[in-house]
Amino acid sequence: MAKNHFLLTAHPLNTMPSPDPGQFFMLSVDSRLDPLLKRPFSLHRLVLGDLQFLYRVVGKATNILKDKKAGDIMELIGPLGNGFPVNEIEEKKPVLIAGGMGIAPLVALAEKFTERQPVFFYGARNAEEILCLNELESIGITPVISTDDGTSGRKGFVTDIVEEFLYHHPSSSFDYALYSCGPKPMLETLSGIAMKYKIKAYMALEESMACGIGACLGCVIKTVDGYKRVCKEGPVFLSEEIIW
Amino acid sequence: MAKNHFLLTAHPLNTMPSPDPGQFFMLSVDSRLDPLLKRPFSLHRLVLGDLQFLYRVVGKATNILKDKKAGDIMELIGPLGNGFPVNEIEEKKPVLIAGGMGIAPLVALAEKFTERQPVFFYGARNAEEILCLNELESIGITPVISTDDGTSGRKGFVTDIVEEFLYHHPSSSFDYALYSCGPKPMLETLSGIAMKYKIKAYMALEESMACGIGACLGCVIKTVDGYKRVCKEGPVFLSEEIIW
Amino acid sequence: MDISVEIGKIKLKNPVMTASGTFGYGEEYAGFIDINELGALVVKGLSLLPKEGNPPPRIVETPAGMLNAIGLQNIGIDKFLKEKLPYLRQFNTPVIVNFFGDSIEEYVKAAGRLSSADGIHGLEMNISCPNKEAGWSVFGTDPQVTYRVVSSVRKATDLTLIVKLSPNVTDIALMANTAEDAGADAVSLINTLTGMAIDIRTRRPKLANIRGGLSGPAIKPVAVRMVWECYKKISIPIIGMGGIISADDAVEFMLAGASAVAIGTGNFINPGVTMDVLSGIKSFMSAEKLNSLKELIGRVEC
Amino acid sequence: MDISVEIGKIKLKNPVMTASGTFGYGEEYAGFIDINELGALVVKGLSLLPKEGNPPPRIVETPAGMLNAIGLQNIGIDKFLKEKLPYLRQFNTPVIVNFFGDSIEEYVKAAGRLSSADGIHGLEMNISCPNKEAGWSVFGTDPQVTYRVVSSVRKATDLTLIVKLSPNVTDIALMANTAEDAGADAVSLINTLTGMAIDIRTRRPKLANIRGGLSGPAIKPVAVRMVWECYKKISIPIIGMGGIISADDAVEFMLAGASAVAIGTGNFINPGVTMDVLSGIKSFMSAEKLNSLKELIGRVEC
């Protein structure tokens, strides 16, 4: 795994509903009061009933997480929120767009879509931060890669490349549907592109969370229907709902 | 090691003055904010330059400590405070009295005294909590044991047995000097015994500590000269100084 | 063992409540605990008209605590009565409605509206929320204004009236006294301490609202102290809260003088915390051979 | 890079100070840091006559914080001048003496005595210690009394006069304003929040004094908020403190409006913390390409 990125495999000790791509779990590293709150992590993959999470070390909880050993027990709640709609759009061509850590939930989603031969765009800061190529390959997907510094794939923003693609590959026989996860500015740009090309775009958003289950109203984003909770009404939203 | 009791061996990464028996170290388990403060632990033994601490798991820090692995790095400051006087009393016969976890510093002290054949009394709640017998044996000491419930050695308080000993073994050719560590009530009783038999008693005290180096005035005990800091003027005090 | 307790006219089967704003309208926790086992359920603060609340970010973690600036977002009393209360009525757990207003008039109207509904057992007046600037924030910090608003609401309702105090005051016992004099049946304390956090790289406050309310274990020592100070000065019951995450914490509040306890931030850390606290209180009482909460409440030995 | 800063007439080579009561009279830390590297050293609070302080236990850890009830134990001003000050004079670090009194008269006398000594650069008036009951504790919570005591001390000294504010008030900015009007050259904040902890098994308060002062990371959000509120209202410099344990914390206080920062509880966690904070501030400034502290102080973007 690339520097500072780790894969956590969790074997559930209790039964739980099977999670959908785009859903997430709230995880505590242990019962100490620092860090205090649980942290949200998206389902990365479901492997033989085990949950896999892909995460980047950014602060307190992730720093502790990376030092966990096989066999350690942690408290997780989930699956939470609404994942990506998969069946609703059977006639459409899935276009998946990952930015940075946004790759985490999109691998599970790509797995669901394999038969429909999704197009996969994947942008990151540099070659080092391009992850999961083997996992994608094993399900027959070769993503179109771009990096900010050009160290892998094309140089530039993934959104530019997506727009180029849509421009050069208009289709009259089917519609595209965009599925995306990544940094907010990227999603905002993508949202504009989706509007321009009149295609549906589903995007998984992030907000700081306290409860993860809809009780605290802490994680809202502004939508055309007022504030909505990312943990409950989201994390996947249709781009046209969101007010950036 | 008995249930809930652990031995920690620390290899100093920096040079430090050689610690005396009765001195202590302030230890942080890691840099997280819970627990926040360093915790005091007495030197148990010095083994080939490594520091050994003997501790009982009672709360937050000790619970974390027990799960540390070989090679983990921790921050320690010390040696701190004043240890037991060893040389000042060359003509005296050392009598060591340990109560419960008070055994921790007395092993290092007994090592210093081996040539003077100290008398060693050791009281604990029950047989399970009698520790370090092998260590003591290796330096030629067989302690007189007592337990509250009689599961090992004599049944009763160690202070009763000490008093009995002093009563039956008066000496005109030399004086005794008492060296003790244990729960406050035990030390208080011992203090009375020392007064009665007119012998010097050195005792290592405990108080909650914040800094461990004399700066916060948090760890005082009442003495005939006003409050004194356990971490700086102590932890070893002469019993006659202390106002119980 | 009797762990029931009375708060005004409400009989609680046990002293474990939820704190307003941390338990939604109950539904969210139904998958984690049996709502019927709660001593009482306090819902998110309501106002006459719906409120949108503050823009995000609304929460940030701090050492052993968190800041929130939700901005009193709520669906409004009417929608609550229609859409949420029927759900809550199915449980045999008393429902306490936390509410607030922009003016004394609004408080009175809100209390009136809530009092005529079926299935509400008590009202908790929030006079202390530190999240909103200006006007109404002084309700909870100026004793004279507090007296006026509480006594006005008192006239408007026969339900058990709980006044929730702000800790951001010089003299909490004076505020508790004022609430009692104005006719409150109980006080609850503490609400959040006002705090702030700054992102040093962006140089912006971590909360869009700049300031927020500090809750969680970090504030427990302040909360316990305030409960103790109030207990000595008033004779109505106290609902203690602020940083409770375990039965030991709850017992600490009761020894300080709380008749019941409410858990807020603790629910986020462990959604089953209320049940853990409840069973922990029972174990503590049997270990200590106590037969009734009376042997705990206010029994710290000073 | 210019990291010097002026507090009244005192020129500090850098903004990192120690907080009163946590750094003894300096000696204890000499083995851990170079005292010459400190921006200023603030000593344990002194009174005219020595004070015995409270019985133990005096400290207890709380979530991400600690309570203390030292009870202002100190050796008295005379002994300090004779036995401790000579040691401190050897360093080229300004020495600020924290002091307090039981009455305005005592404050004035203490300030006078300290002002005539050689080697004291500033005075920090503690009007806020929450550890002692009764009388003088109101100095820091009633603006009128604060005005009287500060203006009296102002007349008694030409040294830089810093007033240390209590956070246990409804309106901290009002208190800061009052101190400024009464002639203070600077304010320092925050002192400890009053708190309490109870041992549920013995049923006794964990501190012999019952209540104590809460310090450490737990209170940082309250402290940052108060610094920010005061910065908007006063024009004298602020010394910010409350839970600082890292350079990031220090920068956060400066963005909120502190000209300098003081570290208290942090010294207990890491006796080298002042030097770590100092070098961290420098690295931060070079990483952010800042040339002077002016580009940080009060520069939060709201």
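As written, the chain order gives the labels A, B, C and D, with residue 1 at the start of each chain.
Going forward, a contact is a pair of C-beta atoms (placed from the backbone, for glycine too) under 8 Å apart; a residue touches a chain by one contact, two chains touch by 3 or more.
Values in this document were obtained by computation on a predicted structure and should not be read as measured data.
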item: Set of chains adjacent to chain B and to chain C; value: A, D
item: Farthest-lying chain, centroid of Cα atoms versus that of chain B; value: A
item: Whole-Å gap separating chain C and chain D, where each centre is the average of the chain's CA atoms; value: 34
item: Chain A-chain B separation of Cα centroids, rounded to whole Å; value: 56
item: Interchain centroid distance [CA atoms averaged], chain A/chain D, Å; value: 47
item: Computed distance of Cα centres, chain D from chain B, in Å; value: 36
item: Chain C: positions in contact with at least two other chains; value: 63-65, 216-217
item: Residues of chain A touching at least two other chains; value: 33-34
item: Graph class of chain-chain contacts, one of line, ring, star, complete, other; value: complete
item: Interfacial residue positions of chain B with respect to chain D in the complex; value: 28, 33-38, 75, 77, 207-222, 226-227, 232
item: Of all residues in chain D, those that touch chain B in their complex; value: 21-24, 28-29, 32, 44, 52-53, 55-61, 63-66, 68, 70, 73, 216-217, 265, 267-271
item: Contact footprint of chain B on chain A as seen in their complex; value: 32-34, 60, 64
item: Residues of chain B defined as touching chain C within the complex; value: 33-34
item: Touching residues on chain D, where the partner in the complex is chain C; value: 62-65, 67, 141, 168-171, 193-198, 200, 202-205, 210-212, 214, 216-222, 224-225, 228, 243, 248, 251-252, 255-256, 284, 299-302
